[in-house]
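Naming follows writing order (A, B, C, D, E and F), and every chain is counted from residue 1.
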Amino acid sequence: MRPSGRAPNELRAVKLTPEFTCHAEGSVLIEFGNTKVICNASLDSGVPPFLKGSGQGWITAEYGMLPRSTNKRMRREATQNKQGGRTVEIQRLIGRSLRAAVDLKQLGEVTIVIDCDVIQADGGTRTAAITGGYVALMQAINNARARKIIKTVPATSAIASISVGICNGEPVLDLDYDEDSTAETDMNVIMNDAGHFIEIQGTAEGHPFSDSELARMLELARHGIGELFSKQREVIGPG
Amino acid sequence: MRPSGRAPNELRAVKLTPEFTCHAEGSVLIEFGNTKVICNASLDSGVPPFLKGSGQGWITAEYGMLPRSTNKRMRREATQNKQGGRTVEIQRLIGRSLRAAVDLKQLGEVTIVIDCDVIQADGGTRTAAITGGYVALMQAINNARARKIIKTVPATSAIASISVGICNGEPVLDLDYDEDSTAETDMNVIMNDAGHFIEIQGTAEGHPFSDSELARMLELARHGIGELFSKQREVIGPG
Amino acid sequence: MRPSGRAPNELRAVKLTPEFTCHAEGSVLIEFGNTKVICNASLDSGVPPFLKGSGQGWITAEYGMLPRSTNKRMRREATQNKQGGRTVEIQRLIGRSLRAAVDLKQLGEVTIVIDCDVIQADGGTRTAAITGGYVALMQAINNARARKIIKTVPATSAIASISVGICNGEPVLDLDYDEDSTAETDMNVIMNDAGHFIEIQGTAEGHPFSDSELARMLELARHGIGELFSKQREVIGPG
Amino acid sequence: MRPSGRAPNELRAVKLTPEFTCHAEGSVLIEFGNTKVICNASLDSGVPPFLKGSGQGWITAEYGMLPRSTNKRMRREATQNKQGGRTVEIQRLIGRSLRAAVDLKQLGEVTIVIDCDVIQADGGTRTAAITGGYVALMQAINNARARKIIKTVPATSAIASISVGICNGEPVLDLDYDEDSTAETDMNVIMNDAGHFIEIQGTAEGHPFSDSELARMLELARHGIGELFSKQREVIGPG
Amino acid sequence: MRPSGRAPNELRAVKLTPEFTCHAEGSVLIEFGNTKVICNASLDSGVPPFLKGSGQGWITAEYGMLPRSTNKRMRREATQNKQGGRTVEIQRLIGRSLRAAVDLKQLGEVTIVIDCDVIQADGGTRTAAITGGYVALMQAINNARARKIIKTVPATSAIASISVGICNGEPVLDLDYDEDSTAETDMNVIMNDAGHFIEIQGTAEGHPFSDSELARMLELARHGIGELFSKQREVIGPG
Amino acid sequence: MRPSGRAPNELRAVKLTPEFTCHAEGSVLIEFGNTKVICNASLDSGVPPFLKGSGQGWITAEYGMLPRSTNKRMRREATQNKQGGRTVEIQRLIGRSLRAAVDLKQLGEVTIVIDCDVIQADGGTRTAAITGGYVALMQAINNARARKIIKTVPATSAIASISVGICNGEPVLDLDYDEDSTAETDMNVIMNDAGHFIEIQGTAEGHPFSDSELARMLELARHGIGELFSKQREVIGPG
C-alpha cells in the first residue's frame, strides 16, 4: 500500500496551467500533486559563442527552488555564491532532454532558455520540469514562428519524463516525497513519443536492482509517460 | 492621464491569497495589478550569533526575482555567484521594515525569515514585498503561538508600504512599470498603523523635487497605505 | 545636550584639503570632525557598454573603509570575496547623487569614477563622501576641459549632503558616531544648490517619526547643506 | 569496425598499479588504454556534521582533471573559482557508487575520501575512477583494520563500472574518446559482484534508443564488468 | 644619473607620522618620497585556531592599494571577489618579516594585525609597509603592555626593509617607480638591527645578475636600512 | 648528519621521464627523491590582450598539488573557490623564471603554458617544477619549430633551480620535507647556465642569516644547479 493510497501504476493528479506568467514567450505551471513548477521559456536571438555562424540554434535550461518550496527552508543559492551540485545536475539533465525535442539545425541561430522554478516541492521536481519545460518550449517556438523569427518549422518530437522506483520491494510510478525519501531504487526516465529512451538515470539507494526489476520499472514509466503526452497535447494542441 | 487610466490617488487592484504554498509557517501571494510576489515566512528556533543569549528574536528578509519575471530575461543570481546591488538593497529594506513591526525582545530567541520571490514584475515589487511580508510574518507568529513556541504575545504594529512618484509633473500613487521607468521622482514610503513613518526613500530621477512636491507625495502615500491596512486585516483577522 | 556639546543645528568642523593625492584628476580629503574620507576622481575615456554610441557620459562611485578606520577592526572586503550590503548601498547612493550634478549628455562619452575611501570613521561617512565627491568630480571636469577632453561646459548644479536625526527626542544636525548609534531616527539628505531634494533616506530606528519631526529634520538639513555649499565653493572657486 | 580495431565486446588493456603514491592509505593508478586516473583514498577520523554521533561512517569522492590531460588544454578549475557542472556530476556519481560498496553503519565514525585525478584522458574517466576508486577504498579499509582504527570487518561488495554505447548503429563496450565523441548513445553502468545494478545512466546523443538496444548494452556492460572484478581481485587479494 | 637626481646610495626623503589615525593601537603614515602608506596595528585577544592553547601569539599583515593610488586607476580588489596574486605575495612577505621582530612565545595568546594601505604609490610600497609596519607593531605592543594585556616584555629586534636594484647597469638604492619599471634587477631586502638577513627576494628583469652585483646591492641595502633604523627610533623611542 | 644520510652538498636522486603524458607539446615527470611533479607544456597560438599586436610571445605557469600528494590530505583548491596564497606565489615564480629562459620577442605571438602538478610531495616542489618546466618548455618549442609554428630559433638559456638552507646550523643542498619543515633558513635559487642569478628568495625561519651563511648557501646552490643542467641536457639533447 502506497502512503498516498495510489495504485502502483497510478500518477498523481497532473495539471498544466498555460500562460502562468505574462512576460515569457512560453509559460506553464505544472503540478504533480503538491509538486508545483513554473516553466518559463525565453526566446533570444543569437547563440552561445561555440555555435556562432553555425546556423544552428541552442536550447538550455536553468533550475531553481524557492527557499521555502521544501518542508525545511533551504539556503538561497544566490546567497551562497554558487549553485549546488544537485541543481547543476538537474539543469544539465533538463537541457539535454529538451534539446532532444527539436532539430537544432532547423531552429536557426536563436537560443531558448527554459527556467524551471520550483515553488512547492513534493518529489519528482526534475521530471515535472522536463514535462512542463517541453510545453513552454513548444509555446516559444510557436511564438517565434508567428513572429517570423523562426522561418522553418523545425522537426520536433514530444518529450516527457516520469520517476519510477522500488518502495517496500514494490515497483511504483511517480514517487512523491514520502516515497522518494525511503525508496530502495529511484529512476528517472525520459522518453519521446516514438516510445524510445532519451535518458535513463537509475540509482540504487541501498538495494541494488536486478534486470527484472529494471524491466518492470521501465514498463511503469512507459505507461505514465503515455498519459503525460496526452496532458501536454491538451495544452499545446495537435501541433 | 496615467497610462493605466487610473486616478492619481488610485491603487492598482490589490489581492492577497493566503496559504499560497503549503510548507511555510506563513505564506501569501500578493498582487498589485500585474506585480505578483510570493511571501513565505519560515520560523526557526535560535538566533544569529550576535543575539545568542540576549533573549531577543530576529526577523530578516530575502528577495529574489525569477529570471523571467521581467519583460526581458535577467540572469539568474545563483549563476552569477552573487546577489546584485539592487537585490541586497531591497532585502535590507524589507528586513528593517518588518523588524519595526514586532517587539523583538518579546519575541524570544526565534528567527523568522521572510522570503519574497517575485514571479511577475510590473513595478512596485519592494513595496508589495513589505506589505505581503507583514501578512506572512503575522501568520508565522500566530502559528508559533498556537504551537507554544512563542509564549507571550509580542507587541506589534501593522506595517505597509507603497510607492509614490512624480510622473509628467504630477504626483501619483502606486506606480506601475510604465510610470516607474519614466518617473521624474520615485519614492517608497513605509508606515505603521499609528500613521508614523518607518522609512522614506525618495530619489530624484532627473527632476529634483521641492518641499511641496514632497508633501503631496507623502499625502498620497498615507492614503494608499490606509487602504493596504484594510486589505491586510481581511486576511489576518482583527489580531 | 549633545555628547559633543554642539547646538542642535551645528555642524562639526568641516575641512576640505584639495590635491590630497597626486595621481587622480580630482582629489580631496574631506573631514567632518573625526570622519575623514579621501575622494579621488578618475577620468577615463569611454563609457560602459549600455552607453556606447549614445554620446552620453557616465559617473559612478565606489566606497570602501580601511579595516581600522573604525573603533573595532572590520574584515577587509577584498579578503571576503565580496563587498558587503552596506557598502553596495552606499556606493550606489553616492553614484546616483553625483550623476544628478552633471548633464551627462553634455559630458560626452567619458567616464568619471569617484573613489571614496574612509580612512577614519566617526559617523556620516556617506554624506561626507557625497559632499567631497562633488568637489573631486568638479576638479576632474575642469581638468578634462583644460586638456580639451571635454569640449563643452556641461551644465552642473552643486550637490551636498548631510545627515540629520532624532536623538533623545530632539532633532539634530550632522550626527557623529555616538549619536548615530543611539539615534531614534536617522536621515540622509542630498540637495542641490537650487534648494531641491536629490534624495531623502530616512529610517526609524525604534521610534517611527511623525510629519512634524520630518519637517524639522529637513529644515536642519537645508541649513547644514547651505554651509557645505560655501565650503565647496572655497575650494572649487566660483565655477 | 571500431576505430581501435577492437571487437564490440572487447575492453581496452586494463592495468592497475597499486601504491602509486606513497602518502595515501589507499593508492592505485588505473589505466584503460590511454585513460589514466590516480585514485587515492584518505582515511580520516570523524564524520561530516550530519552524521556526528550516528555511529555511521562516510565515503565521499572528488574528481579532477589535470589541465593538459586532454587533447586541448582545459582551464584549471582552481583558477575559475569553481568546479564545473560536469566535474560535480561525476564526483557525486563516484561517491554514491562507492558508498554502495560498504555497510557504512559497520564502518564506524570514520570518513574515507577518494580523490580521482585524471592525468591522461581518452574516454571513460568516470568509470575508470569508480573501478580504481573501489580498489583504493578497500586498501584504506584494510589499512584501517590493520591499525585497529576500524574494529569490525564491514560487509562489502565489489563495485565496478564500465561505459557502453551505440556507435555507428552498433552496441559496443568501453568507448574510447574517438567513439565517445561520436556515439549515438552513451551509457555508464555500475554493478556489484552479485550481478545487480548500482546505477545506470544512459543518454541518447541524437539517437533515442529502444528497449532492445538497451538490453544489448546492459549485456555488454555485464560482460565487461565481470572482467574488471577479476582485475580488482588480482590487486586486492581474495578479501 | 638617476631620474630623481639622487646619488646611487641615497634614500628618498623618509618621513614617519605617528598617530595618523585615531582608532588603531598602533598607527603611522610612512612616506618614501611620493610613496605613502598608512600602517595600522590592531590588537586582538585570541589567536587563530592552529595556535589555540599554545600560549603563543600571532602577527599577520594585510596589504591594499587605494584604486587611484597609482597613475592609472586599478580595479578595486573588493569588487573583483579576490585579492590579486601580487597583493597576496606582498602581505605574506610583510607578515613573515614582522613575525621575525618579536618572540611570539613571549607575546602570549594575542593577535596583532598590521594593515598596510597604500594611499599613494611611487615604487617601494612593500618595503615601506614593512618599515612602517614595524613601528605600528611596536606601538601596539607598548599599548598592550600599558594596558597590562601583555604582561611580559617580549624580546624583539628592529626590522626594516629597502629595495635595491640595477638600473642602467648601476646598482642603486631605494628605487622609485620610474626606476622600478625599467630596472634590470629588483631586490627587496629585509634585515634586523643585528645586521642579519630576514628575507632576500631578488629578481632579474631581463638581466641575470652576477655574484659581484649581488654583493654590491646587499651593501647598498645594508647602508639604507641603517638609516631607516634611525628614523624608526626617533618615533618609537629607545625601546 | 642529515636525516637522509646525504652529504651537505648532495642532491637527492634526480630523474626526468620525458613524454610522461601523451597530449601535451612538452611533457616530463621530474623526481627529486620522493618529490614527483608532472610538467606539461601547452602551446597555443595567440597571446594575452596586453601583448596583442606586439609580435612578442608569452610564457606562463600554473601550479597545483593533488590533494593527497602530501602526508595529510589538503583541501582541493577547486572546491575552495580560489587558489591559496602559497600556490599563487609559486606559480608566479615559475612563470617569471621560465620567461627568463627565452627571448620572448623572437618567440612570436604564441603562448606556452607550463602546468606543474605535484603528484607526490617531499620538499622542493617549486624548484623541481622550474627545473622540469624548463625541459617541457624546450620540448614545446622544438615541437613548434618542427611544425613551423615558430619560424625563428629563439635565443634561450638553460634555467634550473634548487633549494638550499641551514639545518641544525649547517648549510645544506636540496632539502627534503624533514629538513624543510625544521630549517632555520630556506632559500630557493634559480640560475641560468651562464652562472648568473635569475631569482633568489631566502627566508629566515627563526634564525636570521649572515653574509657568510648566504655566501655558503649560494655556493651549494651553484654546485647543485650544475648537476641539474647535465640532467636536463640528457633529456633535451645538445639543443
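Quick note on the criterion: a contact is a pair of C-beta atoms (placed from the backbone, for glycine too) under 8 Å apart; a residue touches a chain by one contact, two chains touch by 3 or more.
For reference, the UniProt names are A, B, C, D, E, F = Ribonuclease PH.
Everything numeric here is computed off the predicted structure, so don't read it as measured data.
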item: Taking each chain's C-alpha mean as its centre, the one farthest from subunit E; value: A
item: Most distant chain from subunit B, judged by the mean position of its C-alpha atoms; value: F
item: Between subunit D and subunit B, distance of the C-alpha-averaged centres to the nearest whole Å; value: 51
item: Cα-centroid distance, subunit B relative to subunit C, in whole angstrom; value: 28
item: Intercentroid distance (Cα basis), subunit D paired with subunit C, Å; value: 59
item: Junction residues of subunit B, two or more chains touched; value: 81-82
item: Graph class of chain-chain contacts, one of line, ring, star, complete, other; value: ring
item: Ordered ring members, subunit A first, subunit D second; value: A, D, F, E, C, B
item: Subunit D residues touching subunit F - in the complex, by the definition given at the top; value: 21-24, 27, 34, 38, 40, 42, 44, 62, 64, 66-71, 73, 76-83, 87, 113, 115, 117, 119-121
item: Residue numbers on subunit E that touch subunit F, as the complex places them; value: 82, 85, 88-89, 92, 96, 100, 187, 191-192, 194-204, 206, 208-211, 214, 218
